[in-house]
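Both of the next two complexes hold chain A, though its partner changes from chain B to chain C.
Up next is the complex of A and B:
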């Protein structure tokens, strides 16, 4: 029925394998854009360091494994905490000083931080990646009949979905989340009610950064641990954020996974465009709905 | 983003012209003391930074993707000069035209969003251009386009002579710089500044701000392209570095260091950073780290930039007549009021 399209339909295993790759990428897009959206909501800055912090998470797991012999599972908790604490330091020492200025300065400051971190790691570890082995419990793959599903990849999709939903639950359904949303809406009023908004800002930044680090740990066994992994992904995540709009948590999750899938599908049908398809979609969304698919009008 | 402007009110910028004349004299003599290739690189980067500053400093739009215009023009000029055998002036013209066209498309889409979103959108588009250049056949992928002939300007002037090439680059720079200064002090430039300060008010005064912003974007893209095209001829080489996002970041840093919204700031910043890169060429990735450090320091302590700080003195006025207005203190004040209303403050 689609013969006129002149597109070779690939064999099913390849098709589903690419779809899975897309889903995995989407999982990371979703986790990263979620953190960006939460930070943006309260701090009004776009955290350009997000990619570097994702990379730091992966490196942290690698250090823990190779220097301290601490494996994947503890790293899932320890690495985000360590990176989150550095994030808290960054907010306290640097971001707080420029909170009153034009938001573009926040972008420039975090961009500078990203350059510092990336430069240091590139100097130490070069541009090539370091291998991080898949934990023994998740090695191997199972045959689903139509494709082989590597266990670790299945875990990443499920776990990231869980993390996203948990974040959504905390923000939309708990008292803490209610404070957070209120402070996003009107920080002065929330402060007047006696809630320590500055501390909340600090913890939010730490939390968003920890989310990026968690994504980094999960990415380490799939992509290699490389100093460039952050800057490669962050620009795509920016496009995802522009497409989804930063108004809603759910929008960030949905557009993250959705765009990952679209990217995977493009890789099957028209590989040449796979690295640019998200940017093309961004252009289309800007034409049709400038505030983003799920965004409130800016 | 507000910044200190060189001019105060609408006074004729006599001091600007005096300084410019002095600097032109300096630039004309420079190749006899300094390495011409270094100077040419610095001039290209200076023009690039000035073009970028037209947008950030005078319209308040932070484009994080200006490397797209710089790099594309660089590729087009290199390709047309080498493969089509176009003379240098035509190759540059084609490069600038393509950059302007690209500026029209990206600008048309990007000005639909403001502030931070604008920066993200331009960055994303520039990344798209990067991937295109990586994959397209004519760019030579990772190798780039090498051994681009400089050729004969207007068919008679041999650009292979370093000094001749230098004065050609200087002329191109002065042309671009002149266009920018002319634009800034024109009524068009005044409207741009009005948009920067308060866009809703500019709209209510009847200005179609979208058109002004788009025109400024195209002008900025075209001049960034002019810088990129010239650079391709200087180094006889166009490569992926020119379209990479780090190039976009570099031009932001140059402008920030020199002084956002000052006329000579980007030039100073470009010369400073090009010098630094020259000296640190052996330092590898530490350059990135140092650049990042300068970014952080500038944002935290030195937002006006070198020229922004010096200008009031250089213009013959000791003290700055007015403090920069943008550092808002309102919120703290409001918190205080609310505290008092709640009977908590003392």
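Up next is the complex of A and C:
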């Protein structure tokens, strides 16, 4: 039916399989854009280092495995903590000094940091990447009838959904989240109530960074642990956050999964466009709704 | 603007000024290494190629025809426009007389046009597309190390003859991928096989799961990976995840470098067939040179890096013998003699610019067979040059066409 467009419509089982694969990619986009949205929404910092911190999470998992013999499951907890602490260091030493200035300075600073971190790792480890095996409990695949679903990828979808929902719950439904949101709107007033705002800001930045590192640990077994992995994904994640709305947690999660699906479909029908479709959508959304789909206009 | 910002901008401007290139003197001849220094192909050429070129210049003596020889390098970032503007600036302003490495076929093709315009020599050891010596051939360009024809006649023919008759290609969507797919498809069909389909993938993709699913659905016996570097590594890793091989299909990695296999690890890569022109552990000659390379870089050399040394050395020797740096004159000198060293065996440069030489079919060792970190290949067969570089459909280069 669509031959004149050179588009081949695949059979139904392959179609559902591609949707599932798109969902899995969407899980990574959602986790990463969640961290970015948390940092921007609550702290007004455009954190370009996010991709490098995702890469640091994966490398941390690799170091833990190869230098300390610590496997995947403990790394899921330890690596985000370690990278989160470095994030806290960055916030304390660098970001705090430019907090009063225009957003662009934060963007430039974090972008420069990302280049430095990536450059150091690339100098040391090359660009081809290092191997990290899937943990034995998650190896193998399940025959779903329409495709073989690798167990590890199923775990990624479930875990990232869990993490995203937990983060959303903490920010939107708990008292701590309420303090955070209040501190973003009016830090002076919140401080007057005796709440330590600078400490909350630091911990929130560390938390966002830890989310990126967690995504990195989960990505390590499927993509090579490579210094380039952050820069490859960060631009797409920024587009996802912009589409979802820069301040909206829920928007980031929804558009992460949604755009993963759309990218997956593009790979089926017109793969040559799969690296650009998300930006096309971003351009269209910005034309119609400049604050993003779920964003609140300032 | 705040004072701090003004200071910062002043510092940045001064910093940029300090980075300006040294003035060229006519007494220095330069060799340019134009490679991917920072992205998915950086490990197969990149900074290692720069070291190889420096080794060649040092071993030659550091000067030729009374002039000092210097190595300059730059990162083309896999972008043809960046590559060609660097090449143009090198040729015009920096007295660069020869450019080598040139990984990434689209960049090599663009730089070849600049070289054609200026009649300067390029010796390509990184890029693969057979169009470089086919319809785009240039009189001062030498395709030195390997090309897609040799890969197709090596890995492609071997796999078809071993029983892999039906193929599905996962192709990097640019000049190299298309050239490799076309050349391999020709060889497959010439040997009685059939191409069931293909999918074009943007360069430098991280996730191949969607394309592997399409390959699985095609039920082809062989999934041909017409990509390289980081793309090939990701394809092979993810194919293992999706149970491609357990499902009965086989992977044919049409272009695989030592750096890729080292990165994948023997557990994942074992049993893969690949065609290369150089392996560090093949014989005493290769081992002797590779040891010098390893001492400087702490990595064993890939065929592209070995090729940069070999090409630079032979170019310097040709300049000395021809007593000139003029492009066409040195090319004539290079074509007049066979090339035989640790990297190139039984080589002779043809009229279309391709250096026809022996290629080697290797198999990746099993983990149990390997005795060291870089002990990765075993030699399966030697493919003589005439067979390796034979084009089933003839050559469109005007220099060799009837």
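The working rule: the second predicted complex is superposed on the first by the 285 of 298 C-alpha atoms of A that agree within 3 Å, B and C clash if a C-alpha of one lies under 4 Å from a C-alpha of the other, contacts with A are read in each partner's own complex, and residues count from 1 in each chain.
Keep in mind that, in the parts below, a contact is a pair of C-beta atoms (placed from the backbone, for glycine too) under 8 Å apart; a residue touches a chain by one contact, two chains touch by 3 or more.
On a predicted model such as this, the values are computed, not experimentally measured, just so you know.
> Specify the outcome, clash or fit, for chain B and chain C once both structures are aligned onto chain A.
Superposition result for chain B and chain C: clash.
> According to the stated criteria, A:224 is in contact with first (chain B), second (chain C), both, or neither; which is it?
second
> In this superposed model, does chain C or chain B come into contact with more residues of chain A?
With both complexes superposed on chain A, more residues of chain A are touched by B.
> Touch test for A:233: chain B only (first), chain C only (second), both, or neither?
A:233 contacts chain C only, not chain B.
> Where does A:287 make contact in the superposed view: on chain B (first), on chain C (second), on both, or on neither?
first
> Now for A:144: first (chain B), second (chain C), both, or neither, which partner does it touch?
Neither: A:144 stays clear of chain B and chain C.
> In the overlay, answer first, second, both or neither for which of chain B and chain C A:68 touches.
The answer is neither, since A:68 touches no partner chain.
> Just checking: does A:272 make contact with chain B only, chain C only, both, or neither of them? Give me first, second, both or neither.
Touch status of A:272: both partners.
> Looking at A:122 after the superposition, I want to know if it touches chain B, chain C, both of them or none. Which is it: first, second, both, neither?
both
> When the two structures are overlaid on chain A, which partner does A:11 contact: first (chain B), second (chain C), both, or neither?
second
> With the two structures laid over each other on chain A, which partner does A:165 touch: chain B (first), chain C (second), both, or neither?
Neither: A:165 stays clear of chain B and chain C.
> Where along chain B is the clash with chain C: 145-153, 163-171, 181-189 or 289-297?
145-153
> Would you please give the residues of chain A that touch chain B in one complex and also touch chain C in the other complex?
Of chain A, residues 122, 272, 275 contact chain B in one complex and chain C in the other.
> Under the touch definition given earlier, write down the residues of chain A that touch chain B in their complex.
For chain A paired with chain B, touching residues are 40, 45-46, 94, 97-98, 100-105, 107-109, 111-120, 122-123, 187-189, 191-192, 231, 235-236, 238-239, 241-242, 272, 275-276, 279-280, 282-283, 286-287, 290, 298.
> Considering the complex alone, what residue numbers of chain C touch chain A?
It comes out as residues 38-43, 46, 173, 199-202, 204-207, 209-211, 213-214, 216-217, 229-230, 233-234, 237-238, 241-243, 247, 259-260, 262-265, 267-268, 299.
> Sort out for me which residues of chain B touch chain A in the complex.
1-2, 62, 64, 109-110, 112-117, 119-121, 123-125, 127-128, 131-132, 134-135, 245, 249, 252, 256, 284-296, 298-300, 303, 326-329, 331-332, 334-335, 338-339, 341-342
> How about chain A: which of its residues touch chain C in the complex?
Touch list, chain A to chain C: 10-11, 13-14, 17-18, 21-22, 24-25, 122, 126-131, 133-134, 141, 147-148, 150, 152-153, 222-224, 226, 228-229, 232-233, 264, 267-268, 271-272, 274-275.
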